[in-house]
Amino acid sequence: MTLQALLVIAAALFGVGVYGALSQQTFVMIMMGLELMLNGAMLAAVAFWAQTSGGNPKGQLLTVVVMVVMAVEAAMGFALIIGIYRIRKADMTEKLKRLRG
Amino acid sequence: MNGGHDMDGMSMPVGDVTPEILLVVGAVVVLVAALFLRRERQWWCPLLAMVALASSAVAAFAMLGGGQSSTFFGTYAADDAAVWAKLIILAITAVVLLMSIEWFAADARGGELYALLLLSAAGAIVLASATDLMGVLLGMLLSSATGYVLTAYHRADARSGEAGIKYYLLGALTNGAMAYGVVLLFGLGGTTTLEGLADSLIGADRVGLIAASSLVIVGLAFKLGAVPVHAWVPDVADGAPGPIAALVTTAPKVGAFLALTRVVLILPEDALGWRLLVAVLSAGTMTLGNLAALWQDDVRRLLGWSAVSQSGYGLMAVVALGRSELALPSLLFFLLAYAAANLAAFGVVVELRGRRDRGAYAGLATARPLLALALVVSFLSFVGIPPLAGFTAKLSLFAATIDAGYAWLAVVAVINSVVSLVYYLRVIAPAYFEPLVAPIPVLGQWAYGATLFSAVAVIALGLLAGPFIDAFLRADLLPG
Amino acid sequence: MAWIVPLVPLVGAAAVVMSRRRPHVAATVAVTAAATAAGAGWWAAATAATGTWRWGEGLRLELAVTGLAQVMVVLVPAVAVPVLAYAASAMRDDPGLVRLLALLQVFVAGMLQLVAAADLLTVLIAWEIVGACSWGLISHQWRDPTRPTAALHAFLTTRAADLGLLAAAAVALATTGSMRYDTLGELRGWPVHAVSVGILLAALAKSAQVPFSPWLFSAMAGPTSVSALLHSATMVAAGAYLLARTVPELGAAGWLPGAVVGFGLLSAVAGGLVATAQTDLKRALAASTTAQYGLMFVAVGSGSVAAAGAHLVTHAIFKSLLFLGAGIALHAAGSGYLGALRLGRALPFAAATFWVGALALAALPPLGAAWSKEEILSATVHRGAWVGAGVLLASLLSALYAGRLAVLAYGPGEPVAGERPTWPERAAVGALAATSVLLGVLWIPALGERVEALTGGDLAAGAAWELPVSLALIGAAAVAVRTLARRGHLLDLALGQRLTAFVAGWFGLSTLARVAVVDPVLALSRVLARFDDRVADAGVRAAARITEALSRSLSSWGERTFDGTVLGAARTLKAVAAGSWRFDDGPVDGFVRGTAAGTVLLASGSRRFDEGGVDGTVEGLARVTGVAGRRARQLQTGLSHHYYVIVAAGLVVAVAVIAFGR
Amino acid sequence: MSGVTLVDVAFWVFGAGSVLAAWLVFRVDSMVRAAYWLFASFVGVGFVMVLLNARFLGLVLVLMMAGEMTIMAVFMVMFMMNPAGLNPMTMVHQHRTAVVAGLVSFVALAGVGLVSDFPDRPVDRGQDPTEALGVELLGESMLIFEIAGVTLLATMIGAIALASKRGRYGDAQAGSVAPELPDSAPSGTLEPAAETSMDHSGHGMGHG
Amino acid sequence: MLSAAIFVPVLAAVLLLVWPRLDERGARRVALLGTAVPLALMIVAWLRFDGDGGFELVESMSWIPSIGVSYRVGVDGLSLPLAAMSALLFLVAVAYPADLRGRPRQYFAAFLFLEGTSLGLFLALDLFLFYVFFDLGLVGMYFLIAVWGHGDSRRSALKFFIYTWAGSLAILLGIIGLALSADPVTFDMAELIRQQPLGADGLRAVLVFLAFGVGLAVKIPTVPFHTWLPPAHVDAPAPASAILAGVLLKMGTYGVVRIMLSMMPATFERFALPIGILAVVSIVYGALVALAQTDLKRMIAYSSINHMGYVILGVSAAAAAGAGDIDSRTLALSGATLEMVAHGLITGALFLITGSVFARGDTYEIDHFGGLASRAPLMTSAILVGSFASLGLPGLAGFVAEFQIFVGTFAVEPVLAAFGLLGIVITAAFFLRMVQRAFFGALPERWARWPDLGRSEGVGLAALLALVIVIGVAPSWVLDVIDAGTSVIVGP
């Protein structure tokens, strides 16, 4: 359970998240990709807290903050998706291209 | 008011965050009041919100030149730069609030709206004042979250929703990236306070620093509307409710610029080419913004792209940070000038009930001479025609950049300014040179007043730049 | 105080303009003013008046009535008196009479300043004013479009050469700090040559010497009174006068006298030939003017300012006399064609005066003109035998054409029922003829010193053979004229029409000037104007093309490279993660394809825009920028996932910059 | 660390598991399944946190994500009125670019982890991390904590304002538009003509 | 007092804008008053001017002290004649009849605003202030051309604005570069002239010089930066053309003398020869292109390019410190300055006349006219005086200036001067050709009712042309003032 191993796993989670965010069509799936990116960030934060910061509690707090980011983004995402679905029946990026140029 | 590291007493220097507290309290009060007020009494909400903004501004003003700058154990700044940013943000929010009264008159959710406006201001303020990476992250989040909602606030308007979701998608992605960057910085430096990092990052591993700093800088670029995370700006300017478009392209930028200056100051310059990166972002942002605005026939999108390009100019100050003593003053003055001009420009659009087609501005000078004048003043300020505020801002930006040895960037900015003149004139021309074809309905007196106030501010700031530049020159900036 | 001299006719001009409603009064005023000017000139000459006018720091205009100026300040207004009187009478029905009189006054004023000037700047100013007045006078009958064109020709020819004087003045001031005649001697090195060339150029053109002579023909487009003044004491006289004043000072330019003699001799002979061949009375007189001033040049070049000055005076009198006579003939016959005049019987008084002038032109003693010509001959003989021979040839020619003109114009012939001269006209020619005769006093040897004093030069001692030879030549000329007249070939000279026409037309000099100078300049200007309308655009257009080609190749390059990278990476990945998922082998991803297609489309569209485009720099620049602008907007596809790609790509760039941009 | 301990085995199981689960989020063909794989991935990370002695954080994470994933699943099934939330679906675009981006970010960040020289200051095992967190929250970083709270408050207000079906005075949708311009649709003219068809022609996830 | 000259017109402009009930006559009266006051003030300033070197009548006020910016105005021998000429030209232009397109208040307000900025520019003693007025002038002129112009006026106005503004931004960079080189940072002209913060060499000096050079070359304009000028002139209303040629172009040449020559003479000396060559190219090229024009206004516009070439030639001669003595160089610089004044008066008058022609004939095509002299002797006289003055006839103002320029240049670069002389001949050719084609010859039937100059036209033109003659005959009163300024600039 070395730092390197932890960071590789965190990077893998982040990378999968990036892939998802870029490749998915539906908003909900994109959100999942975004959450996975944050998941990787959280893992890295805890890993750093445990291995390089000498147990600085700010590391834990950072993890909490990332969690807050995750929660807020999820809530906002859902609210916005509901809103757009109500009026445009749109659930994927391809359907929203009125604003362009 | 002393921020001693006295853990036992647990006495928190709450006084240092009075403006923020007033805002949050104000938001709650507005919400609660909205709950209990009958519909015809809902006008209390904007009034209360205004009171909150005003009191917060008074509290912030009292902190000017306080001398003591770090508070809450190094996680928060009470330096002059932060206070000025607060004042600018509060002023922006107040103007936007005035514009909102009539624009949202038909909307029943006034309480939420004004509460969110206050919270949005709080978010931008946190962004401007945080000296802890977590604070920066949360400031981004608070400012973004309120921004998404406000952008999508017209629930029955397809554009509004689309703008909101695009704003959100980009914001969420960059927030994720930035979070990882912050985590990496924590890993490298063992702490999240900028003060601590400024020491511990010296000699830190270069590879890690490269990844972390580019993630964080690009993350902050989102709020600035800078390349490569600029795509939301025109969409929000286009789709969001008029006053909100003015707010979202203005207030968070103030916070984000301050945050960016604080962050880049802790990056070891010998290991990182952050200065060049910011310069490249600056050049790219202004160029892309101007080029894309060039053929816009939609005035609101045009304003959006112009907001992008203006961010590029602002980044010039960041490039000069630490190399020219004019860097911070020019940045603050630029923000002030930009905010005034941007509010005036959007204010005209708002007062014209969101009129967007360039051709539909025909005859504006005949029908609404003062509005047309406000439009001209704000546009010419964007372009940098003296003696408007935008000119002094550009002059000091150019001076700072040249002083810092980045003359090429100033040249790029000059070329861009010339390009930008074209599209601004493309709007001004019909307003002045074409006859009125149809009556031009307007929104109402509050928005009108707010617009004219902003336009007057553009002129006044240009003529009375001296005291401001002086004050900004004296301002301190953490982590110094 | 010497400024009074040019001021008098100037005031006269103003008075003439003020009395424009009553032409009679105007005429009287004009003549009186000229007479007053002559009086003022006399006074100035007598008191050797000087005057200065401060111009600016280190620059002042100076007048000094010394040397030859003493004669000229009297001569110029004196000649103007009869000319003005004649003009007022001859043009009495012309609505532009007042303008003509006023302009003639200004003309005289300019000439007075010119002759009284003591430095190059003052002379330059007067010089140009005289030139401009000549333009106005020649185009007096402006309703006829050919006359202003002729005026322009005359003006441009002289003005082009005038720049020589401007340059001379500038060089003199720049090198010695002064433009006075008497400091010209301080010049050394290249400046002295530059000044000499400049002055010579200006003088040649003003005095209508070869190769500038043809402008005098254009000047014939003006009224006869104008010609009378212009050829005698003003304008054309200026060249010879200036040389008379400056050549002695420019001793450091050793080549100058020779050049002056050369050009003078050439003009004297060529002008004589032209005058002999001409079939138009006024033109023939004009050519004779060139020839006579050629003789004065020869005198100046030979070092005898006195002879030149004396000839200047005598020539002024008889030439104005001849022109006025020609004007009367013109009035009577309606044309100046020499074949249709022979007014001797119709207008006996005019004929008599004209004959006096012609004999003076032929230099028949004891007329004053003969004396001055003899003095020139004496001076040139000292200079060299070939010069003397040239002068003799020129005298022969002048006698020949003088006789020819007199016979053809006022010889005995059928009376024509034309207009008779009025009394002022008769008075004018009468006075001039009388003066011409009176000038015979010059033959009195005792007056030689007086002439030397008045002209500021020395007279050369004449050789005994000169006068008889001259007389013999005149006799020969008379015989020739008589013979030709008997045979009826006095008009066409029996030389063949083409040859006479060629000679009479100044040997094609006019055409040469047009082909060699005017046409090329006009063509160049048109080419440049067309170039100018497109120039900036052409540059920008080229830039647009280059940008466009670049962007097109870039986009195709990008298509291949970006896609190739992606494809390659994908293949690798496919191998690594074999089987776990299927890979999309379809067409390239929308974004890449869209961008590529968009840029290609734009490139072709912008080319079309370009080719049908408009002129001008800003438009051109805007076109380049505009193409870029449209392309930039293509990035904003409206699709969020494309924005994600932009962010990702931007991050990669950011990492690269921050890593390598230290 | 010498030798392979039980902790190491557990770490690799959970770590690799969470990555695999993350991967499967985008490979399964229904959204609900995807949601549960996402939850699984978070659980994996939560356990790794526990292994790293951050028990409290791990627990919070798992609990929070459990809630969120439930909402997500419900959301998809109920709100989108898509009983086929379980229906097969692979809806991807710009796949190749996405793969490249994912790989590049993985390689880059993993590279940072492997190559970079981080300080070596492991946490003191004797310390109670939860208590330390508490002290931090109420001490030095109290402001951060408060800001987080305000952020959550703002999120709640905003989410309700956006999503609630009914407003205070009836339909929340009513009146929630830009001020009207006399001539045309709200906010002016300039509507791209070809665009309206996109809104209502459903392709992709079936609805209705 | 000088500030009043700047701000009275501006205030009058504001008054016009906010007084909606004012009719055309009232607006004209306000405008006349607003332009007469600065002229009176400039006359007073002229009388109070000592000419003992240095700046006089200085008024200053702190503006942005921390970066050395302040509001400073004052005059010296260079700026006083230019400002006075501008004030006169503005009065005449405002009084001149024009097609107001039903917007009299705005028209006069634009003029007054432009006057304020123009005077401000010449009187400014602070680079910041200088730039402020420099740009504001563009804005005013843009509106004047775009709204009250004819033909394709909006495009021409746009081209004018963008092109010249690009130039002015280059100047801005130069100003910043210069101000930053001073220690402490200052925009004070007098201080910068004293310090001369940039030496002859060094990349920075060259770059700053180039920035100024390019920017001012656009404004002047010299070949090849001139392409904005002809369309702007042709499409502008005549009074605006007069101001554009008479005042705005002078801003460029004034900047060359005031900034490039005074603040960086060492660098200028290095570049004196190439700049002189550029000037000669402008002279000859402008004249040749003018010769080919068939459009009256375009022809005069190109003649402006030609005349600005003389100015630059004189300045470059004055800059060549190594090659000429002080007297010649002072002479050249005084000549260049006087040429600015003379050209303002002469070309201003000529453009005003073209306005009268256009108002009567609705075209600028020279060949559409002919024989106008019989119907309009006053107009013919005016254009004759103007033409002769422009082609450099002695006794008129242009000659005095051009003579001094050539004297100075012959002392420094005789070859250049000789080439420059060519322009004079060509100028004579095209002006007189124009006069005889449009005003001489037979009168076409369609112009049988061509009216002569009216009173408001005649008085203004008479004032300008009378001054042209007065300066031409007795230049010392102007030259003494000018010399007071130029001798300081050229002096050791």
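By letter and in written order, the chains are A, B, C, D and E; residue numbering begins at 1 in each of them.
Simple rule for what comes next: a residue touches a chain if its C-beta (ideal position, glycine included) is under 8 Å from a C-beta of that chain, and two chains touch if they have at least 3 such contacts.
Computed from a prediction, not measured in an experiment: that's the story for all the values here.
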item: Intersection of contact partners for subunit C and subunit D; value: A, B
item: Smallest number of contact steps required from subunit D to reach subunit E; value: 2
item: Distance-maximising chain from subunit A - centres being C-alpha averages; value: C
item: Most central chain, Cα average position; value: E
item: Maximum centroid distance from subunit D, chain identifier (CA atoms); value: C
item: For subunit A paired with subunit E, centre-to-centre distance based on mean C-alpha positions, whole Å; value: 64
item: Chain centre separation (subunit A, subunit D; CA means) in Å; value: 5
item: Cα-centroid distance, subunit C relative to subunit E, in whole angstrom; value: 30
item: Length of the line joining the C-alpha centres of subunit B and subunit E, rounded to whole Å; value: 43
item: Residue list for subunit A, restricted to those that touch at least two other chains; value: 14, 17-18, 21-23, 25, 30, 40, 47-49, 52-54, 58, 61, 65, 68, 72, 76, 79-80, 83, 86, 88, 90, 93-94, 96-101
item: Junction residues of subunit D - those touching two or more other chains; value: 92-95, 97, 99, 101, 103, 105, 108-109, 112, 118-119, 121, 135, 140-141, 144, 148, 151, 155, 158-159, 162, 173, 199
item: Contacts with 2+ other chains: residues of subunit E; value: 158, 162
item: Chains grouped in pairs wherever the two touch, ordered by label; value: A-B, A-C, A-D, B-C, B-D, B-E, C-D, C-E
item: Of all residues in subunit B, those that touch subunit A in their complex; value: 133-134, 137-138, 141, 145, 148-149, 152, 155-159, 161-166, 168-169, 172-173, 175-177, 179-180, 182-184, 186-188, 190-193, 234-235, 238-239, 292, 296, 301
item: In the complex, subunit B residues that touch subunit D; value: 5, 7, 10, 12, 17, 24, 27, 31, 34-35, 39, 72-76, 102-103, 106-109, 111-113, 115-116, 119, 122-123, 126, 132, 134-135, 138-139, 141-142, 145-146, 148-149, 152-160, 180, 184, 187-188, 190, 205, 207-208, 211, 241-242, 297-298, 353-357, 360, 438-439, 441, 443
item: List of subunit A residues in touch with subunit D within their complex; value: 1-26, 28-29, 32-33, 35-36, 39-40, 42-43, 46-55, 57-58, 60-61, 63-65, 67-68, 70-72, 74-76, 78-80, 82-83, 85-86, 88-95, 97-98, 100
item: Subunit E - residues contacting subunit B, complex; value: 17, 62-67, 69, 128, 131-133, 135-136, 138-139, 143, 146-147, 154, 158, 161-162, 165-166, 169-170, 172-173, 176-177, 179-180, 207
item: Interface residues, subunit A side, partner subunit B - complex; value: 14, 17, 21, 27, 30-31, 34, 37-38, 40-41, 44-45, 47-49, 52-54, 56, 58-59, 61-62, 65-66, 68-69, 72-73, 76-77, 79-81, 83-84, 86-88, 90, 93, 96, 98-101
